[in-house]
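First chain written, first letter: the chains are A, B, C, D, E and F, and each begins at residue 1.
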Amino acid sequence: MARALRKHRMLVVNPIISAKFNEFDRAFFNRNASPLFQIDVKSLKYGPASIESAYDETLASPFVVQEVVQAEKNDFEAVIINCFMDPGIEASKEISRIHVVGAGESSINLALLAGDKFSIIDVGPSRYVSYSPTRLVVKHGVQSRFVSVRGVGIRVLDLDKDLERTFKAACREGEKAAREDGADVIVLGCTGLAGLAHRIQDELKLPVIDPAIAALRAAETLILARLIPDKVAYPRPPRKSLKLPF
Amino acid sequence: MARALRKHRMLVVNPIISAKFNEFDRAFFNRNASPLFQIDVKSLKYGPASIESAYDETLASPFVVQEVVQAEKNDFEAVIINCFMDPGIEASKEISRIHVVGAGESSINLALLAGDKFSIIDVGPSRYVSYSPTRLVVKHGVQSRFVSVRGVGIRVLDLDKDLERTFKAACREGEKAAREDGADVIVLGCTGLAGLAHRIQDELKLPVIDPAIAALRAAETLILARLIPDKVAYPRPPRKSLKLPF
Amino acid sequence: MARALRKHRMLVVNPIISAKFNEFDRAFFNRNASPLFQIDVKSLKYGPASIESAYDETLASPFVVQEVVQAEKNDFEAVIINCFMDPGIEASKEISRIHVVGAGESSINLALLAGDKFSIIDVGPSRYVSYSPTRLVVKHGVQSRFVSVRGVGIRVLDLDKDLERTFKAACREGEKAAREDGADVIVLGCTGLAGLAHRIQDELKLPVIDPAIAALRAAETLILARLIPDKVAYPRPPRKSLKLPF
Amino acid sequence: MARALRKHRMLVVNPIISAKFNEFDRAFFNRNASPLFQIDVKSLKYGPASIESAYDETLASPFVVQEVVQAEKNDFEAVIINCFMDPGIEASKEISRIHVVGAGESSINLALLAGDKFSIIDVGPSRYVSYSPTRLVVKHGVQSRFVSVRGVGIRVLDLDKDLERTFKAACREGEKAAREDGADVIVLGCTGLAGLAHRIQDELKLPVIDPAIAALRAAETLILARLIPDKVAYPRPPRKSLKLPF
Amino acid sequence: MARALRKHRMLVVNPIISAKFNEFDRAFFNRNASPLFQIDVKSLKYGPASIESAYDETLASPFVVQEVVQAEKNDFEAVIINCFMDPGIEASKEISRIHVVGAGESSINLALLAGDKFSIIDVGPSRYVSYSPTRLVVKHGVQSRFVSVRGVGIRVLDLDKDLERTFKAACREGEKAAREDGADVIVLGCTGLAGLAHRIQDELKLPVIDPAIAALRAAETLILARLIPDKVAYPRPPRKSLKLPF
Amino acid sequence: MARALRKHRMLVVNPIISAKFNEFDRAFFNRNASPLFQIDVKSLKYGPASIESAYDETLASPFVVQEVVQAEKNDFEAVIINCFMDPGIEASKEISRIHVVGAGESSINLALLAGDKFSIIDVGPSRYVSYSPTRLVVKHGVQSRFVSVRGVGIRVLDLDKDLERTFKAACREGEKAAREDGADVIVLGCTGLAGLAHRIQDELKLPVIDPAIAALRAAETLILARLIPDKVAYPRPPRKSLKLPF
């Protein structure tokens, strides 16, 4: 029990206003965590119901930052931003001195380790599909390992309405990514797909990255390797007057 | 007078809470505009006093987006986000059907036209210098034309305290960029330097890009070329519930 | 009237021997110019009837350079080389101290501003299509923003024989570029298509760049931003003996 | 105790003929492993005394492959090739159906997660320094995140003769990498430096990657995320006659 | 006759255990060599029967290196490693002071000279096809000139069983590479295809590179241009104890 | 003697008006050619006295093309454009069905074969130095292998006035390229340096590429490998009316 008190505490931030996934996610993350970690989950006080656009991301980001600031005060060692678009991540890394990892950056990182060339299978309206994930890949400078992004054509908030349909659509697009685009690793581009990765992997016979799991492993790795947060790339912002309605 | 009514109306958003530059900027932009344009200037209701970090940018962005939404309702044809970091630009492009141009993206674009290899002379705390502008260059995929970023070591809010010192520091760094880094075009990395570009150009004998002027020209160009905003790269965000304190 | 005398004077060079487009182009450019500019148009004394190959370009280039030299003597502030292949542009920039802009470089530059990923719709014999425009993109180092080139399969000198056929072919290829290649901006790869851009834009619902308009805007921008020509990237050639038949 | 039997078993292969580090490494890896893992260490029967060149690597590789084949038969779930040059890694991935991770690929991968731009601090004769690590970076396609490699000028087999000298040399080169080259993450380019990372990190105030730890975390991550080995990128070699003296 | 004694002597190493191609290759290379050269051919004492995987390559490489060491002692001026995968090439370059050229690197090099964009037509099991040649292209940093790799689906050891079938399959894939992928140069990705290049070239009307011929020309070029081997990129390995079963 | 008639005939075009190097070059090329080749040398009827700028290149190019057309009629199998800037090369490749090789493209190609990372040591006014050679590297898409260009600060026409001074300057800059820039291969960026390469190589202990020799080897290679000229990348220009003063 004394040992339990010394577990590394991490906070998962669901960057949406709904708390309905928090319970499930708490169980999911703690079940998958290595025994040295204990994980809490929170959602936002303000922001959008889901993140499917830069617009949603921009509105969610200040409130993600707030949660990271609060998490540092509450002695969490790391925060996981549980959304593939990594809302608020640069600002969060700047303002805190704890590890902040995004599901998007972690997934891409794990894809590089797991194989050679990856595709992203995304959800939401298809027109967004080719821009947001591609921008993330460009930001991280790993275009040479990225072959395509494909969308399942189901909006985030509808993903769990018919999980079999979601599963089948992801398999269908993943197979096209492998056969037509040459992918050997599949990245699921939405944390709303958490839990389907292994079934899709069994179907496709390719490594399939679950973004929530990728983020969990990334945060554990940074802590267990005892790496300090990078305060050169993400220096503390200079203090200045600030006027906010929240 | 009937003609004046038909001028293209553009709004410059200073993405900071202070209104102290608005008067100056209104004169500056209208003086430099081609005769077919009329320009208004606004600053933000909420946000930071200046933008020097991703943290500042994240906090300013939702309020920039609000101004763009309002500007579209008020029949402006374009909005200029008057800051080199382009806060809120993707979200603004998504949510509106008018042209939105950022001083950062415009400056980089004009640098590509004006010469071969560009350096950015930035302001603010030196540690940010090598990260923010470089991320902008990476985002736009033009690293092959970018040679360096150098900082003058003066914070944004101190730029106009000793304008001669600012001018000299910019010339000194610009000269190093040319001689040591091989730049043949200099981009001023902060709209707070608006107005110094021509003096620095006379000194360095190289094209020197003023980000405010670059943004003005970019907005005029998009309107005069009668190009429609790109709603494929920036599709309208799907509607959803949203809870905000403002 | 005194004001009219102070207009910025620019010369458009049609780099072909025929003068038959000059009248049309003079009207077109002056109608589209901002009120501060006045534009003359000339074609070449020697050279090819159209430019569809590096061979044509090589034969036209010395005579383009001659016109630029003459234009500087005649106090033009800028020369527009009105052909997507930018014949003679480096030599012209070296030998003069005025702005020289090419329709090709200007179109690519404007495409970067107008959207995210562009395709070029070219004319002329299909075998050239995939080489010349691609070489221009490589030269400017912006491959990461370029997705494809497609040809309408009509030779330059036949473009205006059946303008509806030309229009339809451009729309058809532009739509393929958008749907199959992922383009969100279309660049028309030939100044012979000048005037069709807006109709194609209305059809495709994507920004469509007219190379003549792009060059006009680029030249206006460089002058209005009071940028000096880049004499580092394009230094004055050393004097030496030269023997020419013209 | 029943639980102990269910630990994930991993084998560390020291790809050299000497067994003198095995004892130390077994303690080091098990001490740093998460509680779910148990690690054995082996060195090679044949091969070089250290790996400082492609020549050494080529001679060690077949014997590394042998160990991986044997490890799979012995029911290890993963093999760590404990050398930054990753000798025999592609062949090992092809011939087996277990996870094989190299210290080099793992370190680069972790550097991408830990910060923005990394330098490698290498050991051994200085002439190799700029080639081998750079080839690894090129192979993984992440040049845009890599800024430099610097050598401490101490040969592998002399690293532990004067550990303070090694430590000081690594700090000196790491500081130059940060200040002159712009690195914000340091990768130690030799598993012979295992154990110094935290001291160097404390000195430099930058994240410092230990390649042995990076490999350990990478192997744990692949297993805990339940990813299958990528048999598309590394397909099973076709059977054929083979004549070997071992 | 005195002159014949002064011919440049080169050794072709067939990096497989079978000697059955040696006779044919000796005739082939000497027939194609320029008159200043005389060529011997050897195969390996140990290794695989063919090279179709990184596994085969890893097992062959030490024995290739042995042959290079021996060739230097026997006063050969250059060694050609007669396999597209270039087994053991870096180690061979390090350990010797004579020229060592690989059929893979030579073919890619000649493709760059012969045209603009190349595809590789490979043999062997199709799944390997997209990885091995692509890794070679990445290693040499020439991805911008490479458009695709396509496989004929015939295993190396079956290539000469039905030469007409092999020829037709190579033509079919080469035509797809030209028409669908945009290649204007075809590289045959296996020295097992030596001799078919001209027939395929006649069929496709595109330059078709034979890897054995490419290697021969490359070796001749390095010697005739009197270039010294690059001992900076491939420095002599430091001496150390080494234990080998051969 | 019958044999001599069957030698492959190649023409070297010195793309300048002076014929004073022709005699020397004829001897130089024939002395270095393999026994199967016989080489003639011509200079231009019109054009500049030397090529040091894009301006010179543009004026020389049409007359180079004329010589290539004439050479094809005169049954030469290949033309070497004997200048590092490759004037008129694309047009020449389009208009002819024989091999046309440039000294610039050949040198870069040979540098890729001879080592890992190359620098160019150029002549002429230093300001040109960094642009022309770099544009050539960009055009060929091999930036990842290029580390720097350095100028000896001697104009082309003065190179042979004090050959020792030229030699020493080239050695000095070559050494800086190796030590400061990391080059392991040196390319001499001007055919005016033909003949110094071996002395510089002896001094620097690095492979040093002579552009005239590189072009000779490239032309021989294309012919001996019996590759056809690439008429897809360089298709025959469409016929059209053309008005020229020569």
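Here is the rule we go by: contacts are C-beta pairs under 8 Å (C-beta built on N, C-alpha and C of every residue); 3 or more make two chains touch, one makes a residue touch a chain.
This is a predicted model, so every value here is computed, not measured.
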For this session: Could you name all chains that are in contact with chain C and with chain D at the same time?
Result: A, B, E, F
Seminar exercise, completed: If chain centres are mean C-alpha positions, then the most distant from chain D is chain C
For this session: Select, from C-E and A-D, the pair of chains that is joined by more C-beta pairs in contact.
Result: A-D
For this session: Determine the centre-to-centre distance between chain C and chain F, using the mean Cα coordinates as centres, and give it in whole Å.
Result: 31
Exercise. How many Å are there between the centre of chain E and the centre of chain F, using C-alpha atoms for each centre?
Worked result: 27
Problem set entry | Averaged-CA centre spacing for the pair chain F and chain D, given as whole angstrom | 45
For this session: Please set out, as single numbers or ranges, the residues of chain D touching at least two other chains.
Result: 116, 131, 138, 141, 144, 232-233
For this session: Counting only chain pairs that touch, give me the topology of the graph as line, ring, star, complete or other.
Result: other
Problem set entry | Touching chain combinations (by label order) | A-B, A-C, A-D, A-E, B-C, B-D, B-F, C-E, C-F, D-E, D-F, E-F
Exercise. Across the complex, what residues on chain D touch chain B?
Worked result: 116, 144, 182
Problem set entry | chain B - residues contacting chain C, complex | 32, 34-36, 101, 105-106, 109-110, 112-117, 140-142, 144-145, 178, 184-185, 198, 201, 205-210, 213-214, 217-218, 220-222, 224-233
Exercise. Of all residues in chain B, which touch chain A in the complex?
Worked result: 17, 45-50, 52-59, 61-62, 65, 88, 90-91, 93-95, 124-125, 127-128, 131, 135, 138-139, 141, 155, 157, 232-235, 237-238, 240-246
Problem set entry | Interfacial residue positions of chain F with respect to chain B in the complex | 130-131, 138, 143
